[in-house]
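There are two complexes below, and they share chain A, which is joined by chain B in the first and by chain C in the second.
Entry: the complex of A and B
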């Protein structure tokens, strides 16, 4: 498994864990446990930090070439897939949120807390990182040693 | 000017025209609380229809019978333009998410009708960036060969 695969697995795991925590918090909020949306941002900040420092955690081994033309192409494709996922997930989430609001409370419906909008964008960021990681792993055949 | 440039320029003109109309109507109806001038919708429709017709003729009329539809360079330009549009989404959506919070404050309520508006606005901005990126890569004034 090369360095980029390790980073992709790490990012995917971190994103999945944060997604599960956010889901549990959202369920807790639904059941009227006194949790404002702010703790959700406390999950997002460590996630952002961990994803940002993933390249530092998995450092390049000295004197080894770990990024060639093929890796560049794989990363370009993965960035493209990730950005597609980002735009599509946010668009879908905003549409679904609007539809739920309209169905539940009619034309005068409100979204509730303004932070929810920002959290939707952050969820799109999660979809971006997850899709990019999966694309990288697929290009490298998941965990193939010859990749 | 090649086919992709014509397409991009046409789409950009069309989007700018439509957006300016929407902005005017939005400003008149929601901010000034006035009805827009009566002659405006038919005048706008005529202008839009005329522009569309010119653009369609312009787009489908080939400069020469040997003109190819798309080559490798065009595909690369298209790919880069789409990439630029997607990267701009990384700024457009977070800004759209922060603005309601800044306007409404910590305890305000975001109206649900703003959500499709954010989607629509982001779509327009990303599309405009996409077509502008195509034009920039071909070099606005050059013939694109």
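Entry: the complex of A and C
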């Protein structure tokens, strides 16, 4: 497993853990379980920091080349996959939110709470990171069976 | 035959060049070992500069390392004339 696969696994794991924590918090809020109030920033900020510093955590160990034309091609493809995942997830989330709003409160309702938009963007960011990581892992595993 | 019609003799040339390892070849041409593995297996078509660097590393012409067999639907030299 090369450095980029390790970074992709790390980002995917961190994103999955944060997604599960957010899901548990949402369930707890829905069923009004008595938990101490947890600001979402306690989940989102560590996620952003860990994803941002993943290249420092898995730094280059030897002087050998660890990023060449094939890696660049894989990363470019993965960026496109991530971008599409971001756009699709934001579109899907906003559509679902609008439908819920329309059904629950009628045609005059608005998505006024700024937290909803922030959470939607964060969810889109999570989808981007997850999709990009999965694309990187698939690309590498396809040509890397004997590595 | 790989999907892209490109085949190569890298494995044979490595062994003829004193059992050169994939890592040694990768270091010589400035890529990762995984890229050499992918090229050898026909899963990655290298860029032209990289193909020339590989040929130079073995000291042979490019066509001794890489061969291209067009698919039946692809235009051939004769069909273009």
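The definition used in the following text is that the second predicted complex is superposed on the first by the 131 of 147 C-alpha atoms of A that agree within 3 Å, B and C clash if a C-alpha of one lies under 4 Å from a C-alpha of the other, contacts with A are read in each partner's own complex, and residues count from 1 in each chain.
By our rule, a contact is a pair of C-beta atoms (placed from the backbone, for glycine too) under 8 Å apart; a residue touches a chain by one contact, two chains touch by 3 or more.
Everything numeric in this text was worked out from a predicted model, so none of it was measured.
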| item | value |
| --- | --- |
| Partner chain in contact with A:2 - chain B first, chain C second, else both or neither | second |
| Touching partner for A:68 - first (chain B), second (chain C), both, neither | second |
| Of chain B and chain C, the chain that contacts the larger number of chain A residues | B |
| Touching partner for A:140 - first (chain B), second (chain C), both, neither | second |
| Contacts of A:80 with chain B and chain C, given as first, second, both or neither | first |
| Which superposed partner A:46 touches (first chain B, second chain C, both, neither) | neither |
| Partner chain(s) touched by A:91 [first = chain B, second = chain C, both, neither] | first |
| Touching partner for A:118 - first (chain B), second (chain C), both, neither | first |
| Overlap of chain C and chain B interfaces on chain A (superposed complexes) | none |
| Touch list for chain C against partner chain A, complex | 26-27, 30-35, 37-38, 41, 43-44, 46-47, 50 |
| Chain B residues within the chain A interface of the complex | 79, 82-83, 86-87, 89-90, 93-94, 96-98, 100-101, 104-116, 118-119, 122-123, 126 |
| Residues of chain A defined as touching chain C within the complex | 2, 64-71, 140, 142-147 |
| In the complex with chain B, residue positions of chain A that touch it | 79-80, 83-84, 86-87, 90-91, 94-95, 97-98, 101-102, 105, 107-118, 120-121, 124 |
